[in-house]
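Same chain, two partners: subunit A is paired with subunit B first, then with subunit C.
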Partner chain A sequence: MSGLSFAIPGGIGAVLAGLMFVLLRGDRRSVVDTIVHVALAAVTAVFLGYLASRAIDNPGGFLEILVGGLLSGVLYSLVALGFVLIFKASGVFNYAQGAMVLVAGLALVRSLDYLTGLGVANIVAIPLAILFSGAVMALCAFVIEKWVLRPLLNQDGLTLFMSTIGATFVLEGLAQMVFGSGVYPLRLFPTDAWILGEGMFPGGILVNKLDVWGGLIAAILVVALAAFFQYTKTGRALRAVADDHAAAQSVGIPISWIWFIVWLVAGIVALVAATVWGTKLGVQFSIVFLALKALPVLIIGGFTSVPGAIVGGLIVGAGEKLAEIYLGELIGGGIEYWFAYVLALAVLLVRPQGLYGEKIIERI
Partner chain B sequence: MLYRETGQFKTTYSADMAMLPLRQDRIALGALLVFAFVGIPLLAHFAVWPFGNEYLLRAILLPFLILSLAAIGVNILIGYCGQISLGSGAFMAIGAYMAYKFGTGMPEIGLPALPVLPSILLGGVCSAIVGVLFGIPSLRIKGLYLAVATLAAQFFFDWLFLRVKWFTNYAPSGSVSAPELNVFGWVVDEPIERYLFCLAFVVFFAFVAKNLVRGAIGRQWMAIRDMDIAAELMGIRPFFAKLSAFAVSSFMVGVAGALWAFVYLGAWEPLAFSIDRSLQLLFMVIIGGLGSILGSFLGAGFILMVPIFLNVVPSELGVPLSTETISHLEFIIFGSLICFLLIKEPHGFARLVSLAKEKLRLWPFPY
Partner chain C sequence: MTVATAGTPTKPNIVEVNNIEVIYDHVILVLKGVSLNVPQGGIVAILGANGAGKTTTLRSISNLLKAERGEVTKGSITFKGERIDSLTPNELVKRGCIQVMEGRHCFGHLTIEENLLTGAFTRRDGRAAIAASLERVYAYFPRLKERRTSQAGYTSGGEQQMCAIGRALMANPTMVLLDEPSMGLAPQIVEQIFEIVKDINAKDGVSFLLAEQNTNMALKYATYGYILESGRVVLDGEASALRDNADVKEFYLGTGGGGERRSFRDVKHYKRRKRWLA
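Let's look at the complex of A and B:
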């Protein structure tokens, strides 16, 4: 295998470089830290070297996997965005985001099915269904804020986190009971593929149109959110609450209203994620588990950063697809199942606040 | 009137520090143990209702005991040391699969098949080793970040046991069955025997856990939980305290996993130890009471009984529900109960028990 002959010298070089770096810096670091950093550097170097060699072997195939991975990473970013919004504004780590995607997706697809079943034309039915699922998300936001978060005001983060796990179960159960628990196909976007760059690479690069739509929607969403946070009164109030609850309250910002708004925005982000994911996989219960992948995305990007959520999603998406294809040949498939988590673990060991996060973790 | 300390004088330090300072508590625990070890087998033997029913032993008491043990392990980590873990299912799986490997032998390294008892314990040891490895990040990160780190363990081991055929002895279906449970010539196969086998494990480890958390190491864990920086300044080594909590916790969870696989399931696949199991254990610990051994039992019992209750009651009342509706209802009731308990009683059932005891001490007077 030509890849390994390239990667192993690279790994040895990285170990030496890492050791030099640690020794020269003269930082008061423990032995465990040093070992962990050097080992991680070595593994990363071997992985990247291996990928590089495979990319040189077959640039077209590599690009295709990379682009596909990046675009599917956008979907993780969409879910991670919802987490970041809530975490920034209320300090709540919202485990229920995945369940909210499920609720939004089920509400959308079932109401759409119902309306088309009545003979309503798509052009009317789709906006109506989106309105309906938006209303469902607003109801969720209201209920969660009123009955779960408000009574738990001033509790510590762990308690709030566990209460959102509880809310997750309720949402999952209710959504499936009301809307059904099958697999419902959703067809809002085209799912066929484009073939790009046929001149440059043999066979060209296949790009799924849906993934491109997903990327576009994510971009629009980020711009819209940025504008909302920057230029509206509510957005400014949101940022104030995120900075300091008590100070925001003392200048007259109604904190429970703001939390409702945050959960509503997160619900709408979930709805957007659900439209893309639903088209890709069909709306079904397993969306909840895919949404769990947003957790490592957040670790990598940082819990408090919107750009971090996007970049983290891209890294996870591209990394796991590349690992699945290229490493999967060596150690067996199914790597994308855990790759993101192990990557997050590595990031935690080196840079606990993530790529873009604020440095909030004290040394312990 | 019956439950108070009047007349019980403590004349030594050891009496003052006793596990159960009240005579009534000691009598109650003794009676409970006698009932569990002698009473239930006798009742089952003479088929007295409801113990004559095999279903009760096999489908309620057995999982209750094993999951209580796992919950004690999780409680040591989350409740006593304050390190949140979402990977308990993975540690159960490690215990189960490594016990299986030890139980069926590893010819690659010349290891013959070991008897059941050492296999189960060695499964726990392997789980403890992996637990320490995944506990290393806890030296740098805490809270929710750590939760994600332990999620990595969960997903990685789910994959490992599914894909690496060595762990399943190259079974084509990926499902493995436990070796015969032969303990010094005693073949454990009747439900009552399985029950006693697990009971012995659970009682032993519950006492170990209770005494660990009362002792020096347990107080270190609690100091780390309550405020790690202050604990470090007092001279507690976070490195040792946290990793020892991970080791002890994963060991117990691993043993519980081995018991779950060997004694309860008999034949299993990685799905038995998925993230759902981790969340189930987390809920048992929260609902039962963080930082309480008794709470682990109460939480395990409660979480196990809710689905059974939901299955039985509607059909008894003549309201037949489809299994699908029941599983959804289960989700909803679980979730609401967790939210409700977090809001109303963040310390769980264990707190209710101690409140009840307090009331009982004063009874029949209001104060």
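Let's look at the complex of A and C:
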């Protein structure tokens, strides 16, 4: 337990270094700003130093927690990705993303249950169920574009945000009315674990197979999305709309069609997130609270950046698991539930646009 | 008032704007009865100061007005003889009428070549035809070919203007509405861009309707001009006639005259509403 003795001198060093840096730069920031920045730097240094010392004590255990955290962070990234896509292309902060994950999950699990109930073999039933839930997401995208967004074209961002809150309630209510409101287990992926590197570390590293599957699928999805955005005509048009609505309209790109496509893509991302989360926890109402976890991820990564959503998710996933285990020993458990928000708050203080966000320049 | 009769038009008009009135946000009256014609294969200039209604006129033709909460409340607009008042910009681009917006509006995160390709979004005639158009645009704007892989946001103002015009050409238009191509550019670059516009007009027979503040340059390249002042056409005529008109010289070209008269409003009250058309 040499952790603290290692971290505290490191923290003091960071405070001094930070102070010197701020003083030498001669920035005309307020004193409060300076104190906050230095304090944050110190806390981060202490935390990282402490983690490093614990990692040296027991590398196998540390690695296990880190890998598990990163892989579960992938799921946060997936939900955040849906937000970013819509925010970039239409400037709408889509509160309904969590509800869309719920709709997708319920449509998938209930249609799958129905098909297997009829005695259809899994190999046929799974693709059919995925197709069906894809169609449900397309319907969602169509309805939202036509009856929520189009009448509000050129309205204020806050108005659009409010309308997506409304859409959230409608989606949640409708989905539970149509598909039921219980907890439905989904078994698409194996849920047991691998034990790796037994020769290297005592006891080896336990890696959850589901998490690996989740990471793999997320990686495939991100690559597919990147290719779609980069190399297809529609993808190019999507990027054009994200850059400049008016100019996109002037060259004849139909905005409403593009918005439909964006919401459809976000719906498919939601479907992918739902399959993995559903396997982990069962498809149930609490899945909408996922959307709340995506918020700190977005603040950390930046609202307009796809890489930001991914990195933000990984940071949150790994950070909260490491804090839970190592910090939990010192100050008590339950850190997992608030760590992401505190981290987001810290990022807001230092870099309000997020790690990868575009700097917001507002002319007054 | 027409300074010199253009004679009976020999070519059919590709765009006819008849006495339109445009209101923004249901309250702000911007165009108070504007009529103008663009002959097939012509270059027509709309001239006037800030806020005269040049951009609004172009937007009401290309139907980008709705995005700005504007509305054509009176009059009619035809393109190739067809009423286009209720068409979307997408449908208009498909029919061959495209606007190049004021202030260039390139897609900053896309490369120059990607910018150009977005212009071909509405086309359904296959990759080979689009590739041929791309080569044609590069032939008009060799500078764009050099910069084809750089992000448009990092190119110069002149290159962005070329990119915006090239992007519009990628849609294979017969009519280009060009909004202030000279804005914020060095005189040399402006000249270069106007030369290319003239070239495109001569070689491909694309008609241009040009909104400009740079009266001198516009009248040098246009065949016909309309002068707008606070939402009304106060004068129109052949470009050469406008150039020689004493009032135009004084108000817009900055040559001759005493100085106390600044605009047509101080001279006399022109009424150019074609009441018999409305």
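Convention: the second predicted complex is superposed on the first by the 359 of 364 C-alpha atoms of A that agree within 3 Å, B and C clash if a C-alpha of one lies under 4 Å from a C-alpha of the other, contacts with A are read in each partner's own complex, and residues count from 1 in each chain.
Assume a contact is a pair of C-beta atoms (placed from the backbone, for glycine too) under 8 Å apart; a residue touches a chain by one contact, two chains touch by 3 or more.
Small disclaimer: the values here were computed from a predicted structure and weren't measured.
Overlaying the two complexes via subunit A leaves subunit B and subunit C side by side, clear of any clash. Ranked by how many residues of subunit A each touches, subunit B and subunit C are led by B. When the shared chain is aligned, subunit C comes close enough to touch A:Arg236, but subunit B does not. In the superposition on chain A, A:Val251 makes contact with subunit C only, not with subunit B.
In the superposition on chain A, A:Gly333 makes contact with subunit B only, while subunit C stays out of contact range. In the superposed model, A:Ile126 makes contact with neither subunit B nor subunit C. Note on the composite model: angle subunit B-subunit A-subunit C, taken at the C-alpha centres, equals 90°, rounded to the nearest 10.
With both structures placed on the common chain, the touch criterion links A:Leu348 to subunit B but leaves subunit C unconnected. Aligning both complexes on chain A leaves subunit B and subunit C separated at their closest CA atoms by 16 Å. When the two complexes are superposed on chain A, none of the residues of subunit A touches both subunit B and subunit C. Across the interface of their complex, subunit C is touched by residues 153-154, 233, 236-237, 239-240, 242-254 of subunit A. Within the complex, the subunit C residues that touch subunit A are 62, 64, 67, 69, 88-90, 92-94, 98-101, 105-110, 114-115, 117-119, 121-122, 164, 167-168, 171. Of all the residues in subunit A, the ones that touch subunit B in their complex are 32, 36, 93, 147-148, 151-152, 155, 157-159, 161-163, 165-174, 176-177, 181, 289, 292, 295-296, 298-299, 332-335, 337-338, 341-342, 344-345, 348-349, 352, 361-364.
Partner subunit A is touched in their complex by these residues of subunit B: 84, 136-137, 139-145, 147-149, 151-152, 154-156, 158-159, 162-164, 228-229, 232, 238, 275, 279, 282-283, 286, 324-325, 328-332, 334-339, 342-343, 346.
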